[in-house]
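Have a look at this one.
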Amino acid sequence: MFPFSFEWAWDIPHLVFHGALWYVLSIVGLGLTYCIIKSAVDTFREEDNGHH
Amino acid sequence: METTPLIPQGVKRCSKLQFSLWMAAAGAVLLWGVYAMYLVWFKGLNQTNMNDAYGFALWIWADLAVIALGGGAFFTGFLTYIIGKDKLKNIINYAVIIGFICYSSALLILAIDIGQPLRGWFIFWHANVHSMLTEVAFCLSCYFAVLTIEFLPIIFENPKLDRVPFLHHLSHNMHRIMAVFAATGVFLSFFHQGSLGGVSGVLFGRPFAFREGINVWPWTFFLFTWSAAACGPCFTILVTWITEKLTRKKLVKDDVIQLLAKISGWMLATYIIAKIADTLYWAMVTAPSMGFSFMDFYSGNPVYGIWILILEIVICGIVPAVILITRKGREAKSLLMLGVVLAVVGVCVNRWVMILQMLAVPVVPFEEWFMYAPSWQEVATTILPVAYGILVISLAHRYLPVFPQERELNPTN
Amino acid sequence: MNTNDQQQPVSDTASPGTGDASGKGKNGSGWIILLFFVIGLIGSLAGGWLFFPDLLYSEKQQPIDFNHKLHMGVVYEGCQSCHYFREDGSFSGIPDLYSCSGCHQYPQGTNPEEKKFIEEYVRPNKAVPWLVYSEQPDCVFFSHAAHVKGADMKCQTCHGKMGQTTHARPYQENRLTGYSRDIWGYNIARLGEPKYGLRMKMNDCAECHKKRTGHKGACFQCHQ
Amino acid sequence: MKIDRRSFISLGVGVVAGTTLTPVPWKLMDDISIWTQNWPWTPVPKEGADTYKTSVCTLCPGGCGIQVRKIMDRAVKIDGLPEHPINRGTLCPLGLSGLQFLYGPSRVKAPMKRVGKRGEGKWQEISWDEAVSAVTKKLKELREKEKPHSVAWVAGTDKGTVPRLIGRFLTAYGSPNFIRPPSVHDAYELAVYLMQGQEGAVGFDIENADHVLSFGTGLLQGWGAPVRMLNIYGEQHDSRKIVQIETRLSDTAAKADQWVPINPGTEGALALGIAHVMIKESLYDQSFINQSVFGFEDWTDDHGTRHIGFKTLVREDYSPETVAEKTGVPKATIEKLARRFARADKPIAISGRGEGLLPGSLSECMAVHSLNALVGNINKPGGVSVTSEPEYAKWPEVNIDMTASRGMQQPRVDGAGGSKYPNARYLLHRLPEVINSAKGESPVQALFVSDANPLYTLPNTKATKAAFDRIPFLVSFSSFMDETASHSDYILPNHVFLERYEDVPTPSASVQPIIGLAKPVVRPVYNTRHVGDVVLQVAKSLGSFVEKAFPWKDYQGYLKSALKDYWDQLEEKGFVKVKNAKDFPWANRFNTATGKFEFYPSARNQPSKNDKKALPNFSPVPIEGKPEQYPLVLMPYDAMRLTSGDVGNPPFMTKTIDDTVLKGQTVFVEINPATARKIGASEGERATVATPRGRAKVRLHLFEGIAPGVIAMPKGFGHTAYSKYLAGKGVNFNDLIGPISDPLSGLNTAWGIRAKIDRA
Amino acid sequence: MKEEHGDKHTKRYGMVIDLDKCTGCGACMVACYAENNVPFKKDETDKLDSLNWIRIFQLTNGKPYPDTEICYLPMPCQHCDGIGKHGHPPCVSVCPAIATDYDDSTGVVSQIPTRCFGCRYCMAACPYHARKFNWWDPVWPADTKKYLNPNVSTRMRGVVEKCTLCFHRYQQARDKAYLEGREEIYESEYQPACAQACPTNAITFGDLNNPDHAVFKLKNSPRAFRLLERLHTNPKVYYLSSKTWVRRAGDNYLENESRPKSNRQKIHS
């Protein structure tokens, strides 16, 4: 799963498989992070603006 | 009736007492399952009736079946967010919840099923990228994460949680980019549904299950995705209908259901054509090349006869497909439900055949058919997800605004 | 707590629009939440990195404080004088009592540890329960012959300066697995130069194999 | 400052987020996995230097050489000894399981005294001194009562130093009752004694034979030295024909070049039918028959009475037609069998059923042995010969006192050598009947059992148990909690073969005399003692003449003195091939009255009134039960994966047993599908098999290889003792059958019993 | 049908089992238990819940008395070379955690119980049922722990195990060779416990690529066949039998035979 795990190999099957995996994980992770940060900012901004 | 802040506004819910009794009943079943699960975890898999010939058994079937049925989530999501069938937004929440239940159950079953649960993470860390099961595990977990992400905003819409500003925003923001998650989910689903098909399809030591295909993907890879896309939504329709019956009110408008049914119907129709083609090729070319005749797989044992093929393809394939693609069939409520039920049974039978019948068929000529009946622990742990699903659905339905059309269809005053 | 909860908003609304500072005060809950998050984060980071490793391992003393250096001075064939290959190619590992008592039937010097060794083990003919720093799990087949004879490696390459030690250092045992800490390495993150010889997890084997032979090897090469 | 629930939630989130960034979860995850890989309850075998010790396996009379791999002080594996002539580096499943006897769960760990009722399983551990003095006390008491002859000793074999020691002890003490359990060799030995006048074990030089005609003998199922037979079978597969005459398609029949199915119990008739064809077609060895035999042609005795010879007998009574009718073997087959046998270069005929734990009928044995005479293949390489035991050092004669002398003059309790059965040496199967029918107190007052388990191996277990219950003093020397040990008063556990010295005489049925030496491979695991040492100690504490008969300090000293010249070589190699034997020194020298091979044995006290009874003939052994009531015939069968003798099947071997032989705790009875169809039974069905002697719950296995009307059952199950890995599995065949004494020899001949099947 | 794989330099250890010689005595099974620390339970009659790295099947020709014949067939892991290319046995590629692999230098299919987490996919993949699952915690009663072989790890509950061709003996032989400065390992130095014990010498073991080894010639015997050749699992265990019905029982039908209507013989085990 990681380049430092025993089974890792820099070959095509690994790159395809894990490439896809990390691609998906990145999208999901980035999307989620975006939502969380955006929501936190929204929350603060809203509180600053004083309306609920 | 009650109106605590926990319950969404403007909808009717049953009394606390009635709800508690219902939950207690389901909880008792759940506890039974949990006890069996405890036995399996602490005493080992000897608690099951599995054996060296039946390494996969009831659980794995249940796993495959719930994943196929949970396919409603990704396919409805695909139709809603990517194709843009806006009408389906009225059922997408429920599809997501059902998918969430199915996939969390699947993961739980896998955790019970493996002999060394504490080492389960090896499948990720020491992943063998050539194994279909690895692909299943990764996609399953990732997709489960996606489903959770899709489920969360619905949870945050609970009136009480919605009052928390952060959660309110989070819910809103997640909704906004839901299409991205949904697309990822579709991608993941395509692969793991397919890989589940690949699980048996790649076994070239098992002429009953082995299929040729494209590159590393056997035909079952595509057939499984296809059938999940076809039958998953049927399960969503079925559960929606059961929920409506139990709560005694209409939750989703007919046109929504019928749109979904129509798409399912066409998916099912095309799937079954492909399945028939696959079966013919397998029976006439693949299996004979491995030294087996078609009837070897359907004779010489007390259970598996040609009937199971007829059941799967004709009764639970062609028949529901015909019902669902004809307007008359869809519009007659009882016919529609018959079609939906048959489709659901069909996909379950397919998974059974591909896993359990596969293991029953003797390959070495001097071995006999292997027959198996599950132990109570297996049954209990298989029913556990059902009870768990009922609990989650009940809670979701009571406290979350799952059905956008509910208020409109059931005006409180 | 509850009453606080109820009172707080009152005081909040009591001073509306008193500028930035009070604005923060009003919305202080946000910052406090953040502060608590940071406290939790830093606290757990500190606990996990600083205290956890010591909690995970228990420390044991060797039964006899063995002086490798001293022995190296009096034997002729270096390490293999005591840690020899048997005829069948297997490696003897830690010498058994019989090997030791060849010389130590009677005290050779005045070292109290030697005296202890003779009294507690040689006389009653009891095997010494040495704690092996590099003990591998049972599933591992490590061929000393392949490394020392086949690949001509030096003992020091893996075991470091063990031969030059004058005292037996404490043996740290993983409370969960029962293994020596040497296997994982003393640095919990497995970074930096290893303290005593090489780290001996499978990945460490693989790294060297990859470097020297070009591949990590088949399972059965090193497993039984 | 406002600290509320949300703050704590936030703290929690922080802790979780922080922890994921520490080694804690990841290292723990790894360590927990490593813990599962090394569960403390899953043993880890200790490493260490390995050594190999050579010894000899004594678990059966095969005497295979073994090498035991040791790691430090643990024995970890038994393999065959490559240089041993019997097994040449290979081994049978029993020998390979040897360490399960050493370390297994059924060992008796110390001397025991019974405290509950007999067989109740309540024991008290005692010291060896107490054990020896208890035995001494009883023996003294019996001598004082002038009843030394009421002591009997059942020992596993009568060959080797331990039986000699026991025999010497009994002689000095005053009892003639040394008894060896029955085996097929009783019949062989008696037959060659009668026909050749030679005493000794019968060896079959199958290595050099090219045609083996086996009358139901389990050549590949544990007969003789089992590994020797399997070795021979495997190594010269193409150069030797094996013909198996048997009712059931046994493993031997299956692997034979030809299987001749036969009606049960008619093997003797077939042998004579074959003789008929050979004589009729003049296929016999003319020179041997003309020069070296007596009783082939008709003859006239000293009184002028005319007697018929073997030739006349078989020509008159055993024409292929008659024999075909009796045996069910077609006439053409009989003729072919005869021609092939006769034309072979080195043909051997072998009789005796299965693995050979049953003596069988003397006349059948003689009939089959006649075939060996007809081809003149006796006392020749590639033939049948009598081997004598290698000579050990001679010991001083035993001086005995009056009590002992009077005791020794008493008839043997089993009747062997008496007026009724003058030729028999041991008749253990008669013991239960003798005791049970005795009026008043039991003729056996004290019974010692070593290397034997009569409560399991004797037919009619119920009667045996009743008899043993009448014996007031019962001592077992068994290393294991077997049936006899668990019913005895004292258990004085012997070392198992890996812990003790013992000489192993020439392997059963082998031509080449070999002495093997079992050596202590490991130190005794438990508080056990060599039976030889116990005998010496008992002798010592009995004092006077008995003590004087034993000038040795301990068994090892005694053994060394007995093996004298061989000792060093034995210590080093583990076995010695005794030289002179290879030359077949007894070739064509028969010790009969006529100096010839006698078809008509003159050793019988007087010529029989009925010549046909004196000559090798077919006198069918009646089997118990009425055909109307019991329409089927039940036969036992032996298998390599199941020991049926005194040694209980070890767990490893039980594990190899097919699920068509044993399922759960229930044994299968083999039945022909046609027979099953008649009673409407189907595969795997549960049923009760009933014989005149008992009933047993079984399951049915439909097997085409068993003759219709016959059912078969494996021997070796139905143990009630040993450990849970053996006890309670299946049925002891001896529960279902009783002994039938051969009117000629007294030997047990019961090869089967009538039975019926009641479907459950 | 008898395909050859690999060049002459790599070893391909395998065995040839002469069914004409096998008498079903069970020595191979017991030798295997003893060598490989295979545990035993009270009831071992459920053969699908019984750890056997080599199991003897009894085949019959199904003909009625007295034309019945039986044949014993010992079946260890077939150490398949696999379909198409070298090193793709049915079980190896399916393992999600690489607990089993194909060793290119010896052709042995390994199984590492400590890596295995018990998903049993490999068991489903193996047509020979050569892979066994540890349904129970192994127990060695009384002092039987003492006879455990230190060269073979005991397995824990919840993992798959199978025949390793006694690979630890190869490791030991290799150690000795290293010590003696040898490259080659002699044929006699590396023999699995079953082959060593077999009293009829029915089991021959060696390097199928090495013309000096006995198996090299035997595998080309006209009596030779392999189980289920049509699946292209390409086993390294060859069987010899002079009987047509036995050879037919090993494959579903024979090469030169026209396909029978139903190719499955009614052969009971």
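Some points to look at:
Letters are used for the chains, namely A, B, C, D and E, taken in the order the chains are written, and counting of residues starts over at 1 for each.
Just so it is clear, a residue touches a chain if its C-beta (ideal position, glycine included) is under 8 Å from a C-beta of that chain, and two chains touch if they have at least 3 such contacts.
Quantities reported herein were computed from a predicted structural model and do not represent experimental measurements.
Contacts with chain C and chain E are shared by D.
Any chain touching chain A that also touches chain D appears here: B, C.
Judged by contacting C-beta pairs, the busier of the interfaces B-E and C-D is B-E. When chain centres are taken as C-alpha averages, the shortest distance to the whole-protein C-alpha average belongs to E.
Relative to the C-alpha centre of chain B, the farthest chain centre belongs to D. Comparing the centres of all chains, each the average of its CA atoms, the largest separation from chain A belongs to D. Annotation: 33 Å between the Cα-based centres of chain D and chain E. Taking each chain's centre as the average of its CA atoms, chain A and chain B sit 27 Å apart. Separating the CA-averaged centres of chain A and chain E is a span of 48 Å. Centres computed as Cα averages put chain A at a distance of 34 Å from chain C. The residues of chain E that reach two or more other chains are 46, 50, 98-99, 114-115, 137, 153-154, 156-157, 269, listed in rising order. Within chain D, the positions touching two or more other chains are listed as 32, 35-37, 44-45, 47-48.
Within chain A, contacts with two or more other chains are made by residues 5-7, 43, 47.
Chain pairs recorded as touching, per the definition above, are A-B, A-C, B-D, B-E, C-D, C-E, D-E.
Contacts from chain E toward chain B in the complex involve residues 46, 48-50, 57, 59, 73, 83, 90-91, 93-99, 115-121, 123-129, 131-137, 156-160, 227-228, 230-233, 248-253, 259, 261-265, 267-269. Those residues of chain E that touch chain C in the complex are listed here as 98-106, 108, 110, 112-115, 151-154, 164, 167-168, 171-172, 174-181. Those residues of chain B that touch chain D in the complex are listed here as 116, 118-119, 121-122.
Residues of chain A touching chain B in their complex: 1-2, 5-7, 13-14, 16-18, 20-21, 24-25, 27-28, 31-32, 34-36, 38-40, 42-43, 46-47, 52.
Residues 44-46, 50-56, 113-117, 119-120, 122-123, 126-128, 130-134, 137, 199-200, 202-207, 288-293, 295-296, 299-300, 358-359, 363-368, 370 of chain B touch chain E in their complex.
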